[in-house]
Structure formats: structure tokens, C-alpha cells
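Each of the two complexes below includes chain A, the first together with chain B, the second together with chain C.
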Partner chain A sequence: MNSTSWKEPSIAAIVAILAASVPLVFDAYWLSVSVTAMMYIALSTSWALFSGPTHYISLATGAFFGIGGYLVGTGMSDYNLSFWLMAAIAPIVATILAALIGLATLRLSGVYFVIFTLGLAEMIRNLVSWIQNNFLGSRGLYVLTDFTESHIYWMLLIIACCVYLLGWLVNRSRLGFALRIIGNDESVAKHVGINTAMSKVILFMTTGFFAALVGAVIAPRYTYIEPNQVFSPELSFLVVIMALLGGAGRLWGPLVGVIPFTLIWEFVSIQAPNSTTLFLGLVFLLIVYVLPHGFVGRIDQINKKLKERSH
Partner chain B sequence: MRQTGSVLSVNGVTKRFGGLVAVDNLSFDVAEHEVMGIIGPNGSGKTTMMNMISGSFKPTAGAISMKGARISDLPAQEIARRGVGRTFQLVRLLPSLSVLENVVAGAVFGHRKRWGRDAEDQAHRMLERVGLEAMAYAPISALTYIDQKRLELARVLAGEPEILLLDEWLAGLNPTEMETGIELIHDLRREGRTIILVEHVMDAIRSLCDRCVVMSSGAKIAEGTPEDVLSDREVIRAYLGDDDA
Partner chain C sequence: MDILVSGLLLAGTYALVAMGLNLQYGVARIMNLANGELLVLGALASFWLFVSAEMSPLLTIFLVAPVAFAGNWLIYRFLLLPLVKRAKSQGHLEVDAILATFGMSFIMVGLMLSIHGEYFTYEFLTQPITILGSIVALNRFIAFLIAVAIGAGLYLWLNHTRPGAAMRAVAVSPEAAGLVGIDVARMSAFAFATGGAVTAVGGALISTFITLDASIGVLFTMKALIIVIMGGVGDIRGAILAAIILGIVETAVATLIDPGLTLTAAYLIFLLILLFRPQGLFGRRAT
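Showing the complex of A and B:
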């Protein structure tokens, strides 16, 4: 390996240490904003691991996230199981579900895949609500732990670091290279010997795994959980928009989108709570018309121009 | 019956698209080190036949086997891993990858799996082989048409295929490029490769092919050496229409 390939991980390590000190410096309000931001960093980055290279837009994040929160809730409330046990089971369940969804849908082309994942997420939400209302008593679930916001923040940070580490390893592996080829031309990918279905399913499973893990870890923050709330489709859209805003083509792209987005989102939610959807729409237009490859794409473009000029 | 020394046999293969019979009960064998041409008028089913060998399409009926083992029910990536490499009639490159990475793509997953330095060295050798080494670090958008064709060929060669499928690799080249192109395929032939090529350029067919299969409306109407088939009455009729025969 050459020196440049070590530069990124070194910077990442420094950033991670700085991020870890956030609960020590920030007050309660800013810590709460940071928890939200860290949650979206983990979700958007793991989403982009799959969707970045393949260009398959998945709107199933909310479903996996919901499985995480719901399993922790029902496990602790209804069966008296420990948080840790449920937080370990939830991502496994989501990974298996992602494998099944992947096998069934990744043969579909772009638009059909998007719609299918959205429909599927809604179906899971309704199914869980229905089971909850009809068989388990129509009540919410309590997630009572001793965790403080700081604990939740640090757990999310560890998850985010794992996502980055995984992404870094995948980008250097045959699998990562295979996904880039698939994103360019799936037919060529097959004819150079890539098992396209398998490659896509594996990466899709990792996004399911991490979304459920994040959903499980953040559940104690809400204390009281309702299926309708944790399976929110809004979350799926937010994850996609933040990842695209930053740029899904680079590992650190989503991070660059999540931070400004959560700050502005926070501001808008407080100042004009009814305008959040409008804000979402505006960001979406911004991505489509001005930043098709996100902030990262813009930065790369500017770098390239500067290089050409200096030649 | 399988001839000894035949690496690929096509047995009674048919492909239907709805009501259209694109390939009609076609059979032929390709021996090791042989260059086999598939010729025929536009729409006669040549590309469809190539697509079935490479695994893009499954035959509606019949079987294709490689060295005695049936490959026609395998997915394309499995056929590629067994050593069938192909170019596409309309060049297909990987636009967001560099020239070198395009060739590395062929070396990494194919027939012999290489990785890292090994794959890059192989890619450089293949670029040199097709005369494109100078462009190794250029973006795809900087390539001329013949260079795109060269790049696609380099990608396929990087996987060290045992059988090479070239679908109108010479089409669209100007006369000077054509000469370079024919020379390149001649080199591959001299290396003793097994090649199946689809071409419309008769000079290329005469100088490159050991044997030819002539297709018309999906069916085989002649098979033999280029001289024999190109003087065959039925072949002339297929190409020029009924009146001239």
C-alpha cells in the first residue's frame, strides 16, 4: 500500500477522536442535535455503501431501522429480555430480511426497485402495527434503560466508525470493485465473470444490518415506542437525501451532507415546524438541478479544474 | 456426436423471441486453435447466437457445450469464468473507470483471478498488446472509436479467455484502422487462440477464418472454408436476393 491510502484513515482517526469528545464539551441541546446527526451519519453512510456504486436507490432504510427499534421495544416490554440481547438479535433479523428482499428485488431495474422497497417498508410497518394492535394489545412499548444521551451518542459513534471501516475495506476489495463495474454496466459485469446478484445482495444486507443496529441503539432515547413511529417512511427519505446531498460516490460524502442538513433541519423544525416538508423539497430540487453528485462531486470538479489550470 | 478436439459444440440450438425465430436449429463445432466465422445478412441471428454462447440469452431449445460440459443453462458470469470472453457489437466500456481500470476489470473476476499488482501488470501487458499503453491513465472520454474497440478487446484478453467471441469487431473502422484491426486479429490467430467472429467484411473473413458458418433467417445454410461458402449458390442468393441467383 502507498502513503496516500493511509492518509484517509489517519484523518478519519483524528476526526473520530474529536467526535468522541463532543459529549464532554457540548450542552444538552447540542448533544441532542449531535445524537441525531450521528444517527444519520451511520445510516446515510451505510446506505451509500450499497447505493453509491450501484445506483440502486433503496427506500427500505426505515423498515430496517424500525425492526431495530421495535424488536428492542417488544423484547424489553413484552418479554423482559435485556437491551443488549435485543440489540444483538435485531440486526441479524434485519440482515436475513435484507437478504430475502435482495434476492427477490435486485433483479428489478432502477425505478421498480425504488418503488418496491418503499412499498415493502410500508407493508412491514402496517403488518407490525396490525400484529401489535390485534394480538399484543394496542399499546406502545417501553424501553427503559440507564443510558444517558452521551452513552447513546458514543454507541452511535462506534457504529459509525464500524461503517467507515467496513466501507474502507470494501472499497479496497474485489467486492467494491465489482460494485463499481455493476454501477457502470451490469451486462459487462456479468461477462467479466462477476456474480452480480450475489455482490448486490451482500452489500444490501450490510445496509440492513447497520440500519437495524442504529434503530436498536437509539430506541432508549425515545423511551416509549410505537410501531408507526419507528417504521417512519420519512426516515428513509431523509437518509437518501442527506447521502445524495453530500455525494454517494465517496465514503465520506454522506457525512458532508448530514451535518449541514441536520443543522438546518433542526433550525427549521423549531422556527417553522410546518415547513419541514417544504425544506425537504427544496433540498431535493437543489440536488437534482445544482448538485447531481452532491457536495463531493462539486469539490472534485473544482479540484480537477484547478489541476488543469496549473498545468 | 462430439468431434475430438472440439472445444465448443452447438447442438440444435433455437432461440425464439415471441413469434420470431431468431436462431433456428443451429449446430456447429469449433476445434481448438480454430478461427470460426459466422456470417450472414443483417438480422440473420448472428449476434443472437453469440449471446447464447456467452450466456446473455438462454436457448429456447438445444444445447451448447464447452469441452463436453453443458454451459447453455449456466449464468453469463459462470460461462465467463470457464473461459469464454466476448466483445459487444456496440462497444461497451465502463465510463467512470480509467482506461487501465477497464482492463483490470477483465483480469480480476474472469477465468484466472488476479488482484492488486498482478492484475495491474496484466492490464498493462494487454494495453501494450492492443497498442493502447500510452492511454493507460486517460479517461474513457479521451478515446477515439478504434481505441474504444481496442480497449474492449484488451479487457477481454485480460481475462485470458480460452474461447474469444468477437461480434463485428471491425465494423465502423476506416480503411487504415481496418488494416490495423485485421493485423491485430491475425496476431491473436497466430497465438493459436480459439476465436468465433462475426463479420461483414469479406476480405477479413477470407484472410482470418479457417471455417465459416453462413446463417440466413436464423438457419445455417452453409458451412466450410471461406472460399467454398462464399462461392456457394445459396449463400450468394441469401446475400444478394433471389433474382441474382
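Showing the complex of A and C:
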């Protein structure tokens, strides 16, 4: 093992320690922005674990996130179960769902997968609302805990670190190598004997797991949970945008996208709440036409040029 | 019986919209995820002209079609063709096209929200008529007839004219079509524009009997995609049968169980197709 392979995780560890001190320094407003940012860091890094190497655009984040929030809500409100129990069950449910979706769609071309995930959050929301209206009665669910924003922030930070660590391990494993080959050319991958469908399904399950875990952990922040609010299709798109804006090809890429985007998004939502959709559309076009590999791609490009010049 | 009749009438417009998407994906190879928004844009035009100028939606479609054709041609020429040219493979193009059309769909929703943020409600030809013993609103029936007429015209044009044959050739293989002297880029632009025009007209028709709003487009995108996949890409017969299945199942679920579950029903069909016939109803398994 050479020294450069440890450079990235060491930097990451320092960044994580700095990030952990945020609640001690920031005031309430900036802490709340930081919680949102940390949520998106965990979500888009885990999104990129799957979509980065495979180039399959998953829009299922909103669905898994919703399952996390909703299960915590319904477990605590309707069945008096503890937060921790529900936060443990929710990701397992989402992982199973991800496995089923993956098995049904990932054997086929990427388009089918995108389409299937496109309406998924909306479909689950309709289904949950219907079940609730007809069989369960109550509409709103309460999540009452003693957690402060700082607690939620630290929990999200731990999740983000776990995602990062997992990504680092996967990148160095046979699975990560297999995924990179699949992303470059799927038929080559098949010919060298990689079980392409299985590798994709496993990675997709991890994104499902983490999205639901984040959804569960952030649920106490909202106190009052409604299906309409947690199963948000917009969330899936925001995660895709932030990950691609930073660059999904590197583990730290999404992080570089999340921080500026969260700040701008916060600004746009306050200054021009009616133009947020328009703004999302423009950022999508910006990514496709100007930043096809995100900020990371640009940074690599500049680095390369500088190196060429120094030679 | 009521379910069959209204399901079938609904299927007419669904088939038309799916035909539009089929042209865009099958010939121009662009997976257009802004398709539903284009449909809503057609609906908005129809609503707006009816409310402000009392113009009949049946006349509006003659205005919507050329405008949508020109708009889509420009989009293909200046936004999508560069992506086609830079793409190293079909897979890369698909990812780029999906992201670009997502961007366009959000921009369209944003613009439509600023034009009219509420429901597009208007009443046009609501008098009841009786078909095969079931009572339906006249507007549904008229929309169905127009959809069938446009669909049939498109089908004849594709199968019995030289440009139609050229277009089908591009759909089968762009490389081979280029070799026999077909201008593939021009044909693709033409197919994309025609598909867009058909979709927007479909939207104007749907708005006469379903109340839409600016952000509902994605639901129609899903439906059109499910129909195209169920029918098999490029297969018009398949798309018609698929539209009928979806129209009837949706109407049945809405009347028998709950109107909120139509998307769930569509998903169930989608899942069955993916599991058992991913190549489409009439398609053959690729070898």
C-alpha cells in the first residue's frame, strides 16, 4: 500500500473533524442550513456510488427517503415504537425494495431504469395515501424526540462518513473495478465474466439503504410527517443535480457540488420562491452543456493543463 | 361497459401522444422526458385561447401544431444535435438526452407556472351523448375521433410515402439509412419536430375533458413511456394496443377502486411488461 492511496482518506478525516465542530460555531440559522447541506452530502455521495461508475441515473432517492421518514412517523405515532427501532427497520425495508426494483429493471437498458424510478416516489406516495385514507384513518404523523438540530447534524455527519468509507472500500474492491468496467462498456464487462446485473443491484441497494436512513434520521426535524411532504419527487432531482454538478466520477465530487448549490438554492428559495423550478431546469442545462463532468472534471482539466505547461 | 367505452375513448389520445414520443425516440433516438410538459403546453394554449378569445380548441390545434413543430425543430437543431454529435455511444447520448430534456421540462414547468399557476379549467362540448348504451361527454368522443384521424394519417404517411419510408429506415438503422442516401440528421430533426407537434395537439385535445395544471406533465410522460415500452419502440400497432390496455385499466381502477391509484395501476402494468415482455407486446426477443 503506497502513501498516495492514504492521502484522500486522511484529508477526508480532517474535513470530517472540522465539520463536526460546525454546531459549536454556527448560529441557529446557519446550523439549519448546515443540516440541509449535510443531508444532501450523504444523499448525493451515496447516489454517486451507484450512478457515478454505472451512468445509470437513479431518481428513486425521493422514494427511499420517503420510506425512511414515513416509517419512522408511522411507527412512532401509530404503534408507539422507539425512534431507534424504526430508524433501523426503515433502511432494511428500503434495501429490500431497492433489490426488487434492481432485479426487475437493471437487467435491461438504462432507459427503463430511469423511467421506472422517475415516477416511483409519486406512485408510493399515492399508494401510502390511499392505504392511510382507507384503512388506517389518521393522516398526519408526529415524530416527537428530544433531538436538537445539533444532534441531527452529527448523526447525518456520521452517515456521510460511513457512505464515504464504504465508497472508498468499494473503489478498492473487485466490485468497484467491475462497476467501472460496466460503466465503460457493458458488453466488455459481460465478456470478461462479470455478473453485471448483480453488481449493479448490490450497489443500488446501498443507495436505497442510505437514502432511507437519512430520511429516518431527519424525520425528527419536521416533527409532523405527511406522505405528501416526505415522498417528494423534487428531492430526487436535487440529489442528481448536486451530485452531477460536483462530478459523480470522484468520491468527493458530490461534496463539491452540494455546498455551493445548497447556498444558492437557499438564496433562490427565499428571493424568488416562484422561480425555483425554472432555476432547476437551467442548472440541468448548465451541467449538460457546460460542465459535463462537473466541477471535478473542470478541476482535473485545469490540473492537466498546468502539468503540461510545467513540462 | 361504461369502463370499456370511456377507457377506449381515453386510449385514443394516449395512443396519439405515445405515437409522438415514438417518433422522437424511435427515429430521432432522443429519449424526450419533456414530452409530458409539451403536452401540458398544448393544453395551456388551448385553455388560454378559449378563455381569453373564446377560440374553439378544435381550431387551436391548427395553431398549436405548426408552432410546436417549429419549436421542436429548433430544440433538436440547436440543443440536441450537438449532443448527438458529441456522444461516443448510444448509452452516452441517452444519459445526455435524459438530463437535457429534464432541464427543458423544468424550464417549461417554471414558465407555465408563471403564466398560469392554477388549474386549466374550461367547459367545452360537455353535453352528454350515448355510445353503445353508455353516457359520455361529447368532448371525449370528439377528441377520440380527432386523435384517431391524426394517428391514421400518420400511419398511412409512414407506410405509403417516400419520406415516410425514409423515416422508417432511419428508425431501423441510422448508419444504413445514411449509406443509401438519406439525410439522417434532417430526417431526425423532422421526426423530432413531428413528434412534438403530435404530442402538443394531443395535449390540446386532452385539455377538453381532463383538467390539467402546469406541473402535471411528468405523469403524462410516464404514461406515454409505459405505452411506448409496452408496445415496443417504433411499433405503432403495439402502441395502439398498449394505449387501449392502459386506458381501460386506468379507467377501471379509477371507477372501481380509487382515482388516486391510476399511477399505481400503470406501474403494475409496467412492472409486468419489464418482467415478462421487455421487448414489447409484439416484439421479438433480441438474439
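Just a few scattered comments:
Simple rule for what comes next: the second predicted complex is superposed on the first by the 310 of 311 C-alpha atoms of A that agree within 3 Å, B and C clash if a C-alpha of one lies under 4 Å from a C-alpha of the other, contacts with A are read in each partner's own complex, and residues count from 1 in each chain.
Definition applied: a contact is a pair of C-beta atoms (placed from the backbone, for glycine too) under 8 Å apart; a residue touches a chain by one contact, two chains touch by 3 or more.
Source: prediction; values computed, not measured.
After superposition onto chain A, the modelled positions of chain B and chain C are compatible, with room for both. In the superposition on chain A, contact of A:196 is made with chain B only, not with chain C.
Geometry note, superposition on chain A: angle between chain B and chain C about the Cα centre of chain A is 70 degrees, to the nearest 10. In the superposed pair of complexes, A:30 makes contact with neither chain B nor chain C. Once the two complexes are overlaid on the shared chain, A:233 sits against chain C while remaining clear of chain B.
Judged by the touch definition given at the top, the superposed model places A:282 against chain C, while chain B stays out of reach.
In the superposition on chain A, A:187 makes contact with chain B only, while chain C stays out of contact range. In the superposition on chain A, A:147 makes contact with neither chain B nor chain C. In the superposed model, C is the one of chain B and chain C that contacts more residues of chain A. In the superposition on chain A, A:174 makes contact with chain B only, not with chain C. Here the smallest spacing between CA atoms of chain B and those of chain C, following superposition, is 5 Å. Interface of chain C with chain A (complex): residues 31, 33, 79, 82-83, 91-92, 94-96, 98-100, 102-111, 113-114, 117, 215, 218-219, 221-222, 225-226, 229, 258, 260-261, 263-264, 266-267, 270-271, 274-275, 278.
If you check the complex, the residues on chain B that touch chain A are 54-56, 75-77, 80-81, 85-86, 88, 92-97, 104-106, 108-111, 115, 155, 159. Within the complex formed with chain B, the chain A residues making contact are 174, 177-178, 180-181, 183-185, 187-196. Those residues of chain A lying in contact with chain C across their complex are 55, 57, 104-105, 108-112, 114-116, 118-120, 122-123, 126-127, 129-130, 134, 186, 233, 237, 244, 274-285, 287-289, 292.
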